[in-house]
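Note that chain A is present in both complexes that follow, paired respectively with chain B and with chain C.
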Partner chain A sequence: MMTEISLYDAHDPWVTINAMHRQQGDELLALTGFRDQKIKAHWLLADGSIAREQVRCSSDRFMTLTTILPEVAWDEREIYDLFGYTPIAHPDLRPLLRTQRWPDDFYPLRAAMPDRPLWRDGEPDQAMKVVQGEGIVIMKVGPTHAGIIESGHFVFSVMGENILCLDAHLFQKHRGIEALLQGKSFPAIQPMIARLCGSDSVSHQYNLLQSIEQVTDRHVSEVVQYRRILVAESERILSHLNDLAQIPAGVGFAVAHQKGLALKELWQRGMAVIFGHRFLFDAMYGEVFTQEDKLHFLSLITSFEALWAKWVKLTEKNVAFHDRMRGVGKVTRQDAKQLGAVGVARRATGEKSDMRKYMPLYQVVDFTVATALGGDVEARFQVRLLEVESSLSILRQTLARMGDPSKEEPFVVPSDLTGETVTFSESPHGLNVHVIQWLDGKIDRYHIRSGSYRNWPVLAKAVEGNVVADFPLINKSFELCYSCTDR
Partner chain B sequence: MDKKMKSLQLRHVDAGSCNACEQELTALLGKDYDVSRYGIEFVASPRHADALIVTGSVSDTMKPALVRVFEAVSTPKGLIVIGDCALGCGVDRRAYASHGGVQHVVQPDLSVAGCPPTPQEIVKRLQEYMDKHTTV
Partner chain C sequence: MTQTMIVQSFGFFIAIGLSPFFVGLIQTTKARIQGRHGPSVWQGYYVLLKYWKKETTLPENSSLIFVIAPIVSISVMLLIMLFIPWGKQLPGVLAGDFIMVFFLLALERFWTALAGLDTSGTFGGLGASRILTIGIGLEPMLFAVFGLCFFLTGNTHFAQISPLWLRQAPHLLAWFLAAGGFALTILLEIGRLPIDNPDTHLELTMMHEATQLEYNGRLFAFSHFASMCKVTAMLAIGWVWFGPTLSSQWWTLLLHLFELGVSSILVGVVESFTIKMRFFRIPYYVSAVIGMGLLAVVITAF
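Coming up: the complex of A and B.
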């Protein structure tokens, strides 16, 4: 169902209050739907505090914010798909996650614990957004791909070699994880949260821990906090190494790709020894860090740094590689802001936006926020290089300050745990936010808005005007996760 | 006469994984594991493949595509499932839009457990698969 644009009311209080936050330069953390007809917007203010705005959907309708805040276009479509609340005058209310296989009356997040519906037979195809005109060709790619890649369906409108428009149909892997978490306890959801995504797992784990600690007012010791920095920065390095290794593959620079993969492998083997997992699944939940772990870590960093320096030189001195990256997949600073770009994509447009500066955890270490100016593939490559180096420095600082491990009091989650939290962290792919509602020790609502979720529309914008053959390169320079976007 | 398999060409389909299995499969192509020396290769088309290699618990949206790609592999063909989710014991198996494992859609010939399984384990199991199977 489409709503009429003429019904738009710019003076609706829900619109004006959120417009005010945008004008103040506040950062939107999340737009979240709830079962009780409420929608909440959480804004991060300049002083680090969080403002909560909310609207009640009378007769299942609310005024769209997309007109003043294009970055919530997907959030509102998702709310419409999963709750059935209609954003009035939304400019593009095609289904986002729903497919033609979903029963008409199935709105999974309206129920506390939705059952598996009886899926309809047939194809999951959704309405496409394409450009029409003489000489324009529609090129569809996916959902399965000719390589080892996550599943996603892309519809390109192409003129000659140039991309006019990319309509990204993600959510091919939508499993319904937010609903799955409902009604479950803290220990039960820990492994689920750690496995939301293979590249930003630690950041998700941290957001969950922060939530439980905010509601119970638990304070962990300094050693545990230091350990958390180690795990988080280890993940940043791991994830950036993966992305850095993939970018040369996008232009056929095989040596840098292979050596990059080898660097990642070295780091992963170290992670398995120190934290017990090659992707750091569940590693953030741990609290033990021994002297032996510290020695292992220092020796890992030393052996890594020697190879890393050589790899950086290999990529720096290759002029052709840099020529191929320069000017490709450009995101302007204004687009980045309008579309709500986060993380590397935002910093590569020159903006010093890094959530670690707002996280109390990082107040004990020194680091500068890495930026680059071009907004293109080269700038995103450059920001990641700088960030690996700054993370290595943070790791060294942390290991040097870390005292002997102290004995933590065993933590028992109170059975009457109730409250609402908004927790966030700077994942390797940008601002990652969890809005969590606890009721009597169980999850009542869990909303995940990951860095990748926010950056997908930015990627679609970045490819416009580029040649089709450069899509893999541009895609790899964002290297967005599908899993925590689709959930 | 039947001969032992000397090469194994695989086409990959992600049916809803978290991307960790994908990363470990990608690692197989790096110089540390380099599976091409055993004749194992990832190919672009199911038409070129001896077997389909699947990750993820099978989301409803991916189900028709998974079935279609498997049908496109010419017979005799194999189905290899990688990781706990694809095996039906992953964390998201009870989610409303998850079919809870590949076995509910197509029967696998080889299952490699783990969250995710290590590259060493995947290589070992793929070699065992090649030893057990014959080619025309």
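Coming up: the complex of A and C.
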């Protein structure tokens, strides 16, 4: 039998059509596989509509897009690990989540896979990307860390104090979340989606609700829409407060760190009173917002703003702090675009990329997209500061316009949902996309591509050439979630 | 004579005994400024007791160096404490030589670095490299600052410099420069902000702590206690040199203890409002201190 040698084919229709979208400046929402040997790419066009391209991978192979679209490198590796569809001529097809313990023919998302395969013996060690040479030290950090963070294994190639290359091995938990969702009904997956991750929970909940509403063609009342804005912006503030408080910790600015966390605590206690949960889990699903809640919210904003102004002054006054952030962890505008950076990381390079502008929900409020130019830690800090303030203004606008709650019939989700939806929202960490396929009221395929997932490769790029001691600072300026990348 | 001996021994034991308390004061000050209640000022004692009670295990790849290093650290610190004149000193009594102290500090640094390298862990090596790099700057800093003392008294003995020093300083400016320079040197030597952050859990940014990551049990109790004593010793040297003395031996000892408390709180305040500087910016810090020391000498000489 002859070994088949596959070469990259730039004229493959799958490649050309996606290259065309990129050239038009469309935004890639998701690229994922399906059990029926299909790969689908969803593009957000400039007019806000979504284009769907698909390819059928005959004999489990398809032409790689990584060569023209470096941002899908991880997505294609994930498809390879979970479905076994091979991207032809992918430049770096090391396992992303597969470990040596998985049996050879085990592809978790393929049809008819055992729940508990026969795990093989061996260390769960993955191939590393390292730089070799004289005086270069390979430094491994994690997966268990000294702080209260999740598990991620970082392999640094270090020369002296300088980082030459960072290879991040995430996906340590193997929750099997996408497989777990399959075959479940809407009420069963609701709490699971809300608990996908602690920092972007509301955005995930919103995507699920959107999917239901698209399939059933339901239109929610204005009050509920306003309430959704309140929840979403509350989460943005909560998450940004956490991220803003973490950045000073990276340079030993303990006062700003602790006072920032105190602000976050104040906000969380308010959230527990108004929406019933400190992390806003399940908060988006609710539809009741009473006059009393409104008063609570207004007084929370007032007491928050007084302390917030003090905190901003504390950090702005400290010249050494700003000096420490400037020029560190720089991402150029071009790299950000090529690697598919989203959210704060993208806006910190000066690009007005905010998905809220495409979300129908936000058409009723005025806000400006916050940007900064440096692309460094300081720029990301600055963007977050501005966004907290713009979110506060959105909250005030919304509360002012919100009428009295109307009595609504409780919505019953039909048991025969069928259809495919692509829903997206701007989470605190960037564009968050869910691809959901419903079949007879059950999930047939659920794919999650969160903001953190897209920004991890950008982080690896940002730390290159910086000193090792600055990694915590750069990492905290992205503050990416490990949980929503776990598969 | 006997009174000097009694005060000296008394001061030695009290200062050692209170070392964890002074570190506790720094921590409490920081906690209060951050708006936290913070642990008790006696936390240092509980921590030492905890380490002491725990089982001591050795890393697989470690050699005898790993065991010796903490013992060297604690011995060096106790020896330095012994050299510090705790009362008002009479010339010729208990001759502690400051050049000796510098080299004892260097010895301690050398062993700490060796211990960091010994286990061949990544962070140990990183920490060792960093503390030795800083050490290069530290020695000229100490010499530059003490150059003035030597220049004025012609002596390198603690005991003979301390009582004479203030009266002989002809220029207040020179005193300020040297004292300020030494204050900055202390922060570097005891591994506090803006150089090193002793409270961090981030291995990648650690300096001194990185060499200690593999330690546990009693060996760690030793090195932890040594770093506490180092804080007391460096602050005490500063006060003995640049602070006043009183006419009575006992009152001088009490004054020194009070000064140690005050300076611990000051370190806490400084730590709260400074940021850890970039590692490659430390040479500027070093050269600023050396410049201050030399300037003090120049002002005095002309």
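By our rule, the second predicted complex is superposed on the first by the 477 of 487 C-alpha atoms of A that agree within 3 Å, B and C clash if a C-alpha of one lies under 4 Å from a C-alpha of the other, contacts with A are read in each partner's own complex, and residues count from 1 in each chain.
Heads up, the rule we're going with is that a residue touches a chain if its C-beta (ideal position, glycine included) is under 8 Å from a C-beta of that chain, and two chains touch if they have at least 3 such contacts.
Being a predicted model, the structure only gives us computed values, none of them experimental.
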Partner chain(s) touched by A:115 [first = chain B, second = chain C, both, neither] = first
Using the touch definition from the top, say if A:123 reaches chain B (first), chain C (second), both or neither.
-> first
Which of chain B and chain C A:265 touches, first, second, both or neither = first
Please work out whether A:101 is in contact with chain B alone, chain C alone, both, or neither, and reply first, second, both or neither.
-> first
Which touches a greater number of chain A residues, chain B or chain C?
-> B
Partner chain(s) touched by A:147 [first = chain B, second = chain C, both, neither] | both
Of the partners chain B and chain C, which touch A:177 in the superposed model: first, second, both, neither?
-> first
Tell me which partner A:297 touches in the superposition: chain B (first), chain C (second), both or neither.
-> neither
Which positions of chain A sit in both the chain B and the chain C interface?
-> 146-147, 258, 262
Per the touch rule above, chain A residues touching chain C in the complex are 137, 139-141, 146-147, 161, 250-255, 257-259, 262, 318, 320-321, 324, 467-472
Given the complex, residues on chain C that touch chain A span 30, 33-36, 122, 125-126, 193-194, 197, 199-205, 271-280
Contact residues on chain A for chain B in the complex?
-> 99, 101, 108, 114-117, 119, 122-124, 143-144, 146-151, 171-177, 179-180, 191-192, 195-199, 201, 242, 258, 261-262, 264-265, 268, 278-279, 281, 481-484, 486
Chain A-touching residues of chain B, taken from the complex the two chains share = 12-27, 29-32, 42, 44-45, 56-57, 59-62, 64-66, 69, 90-92, 94-98, 115-116, 118
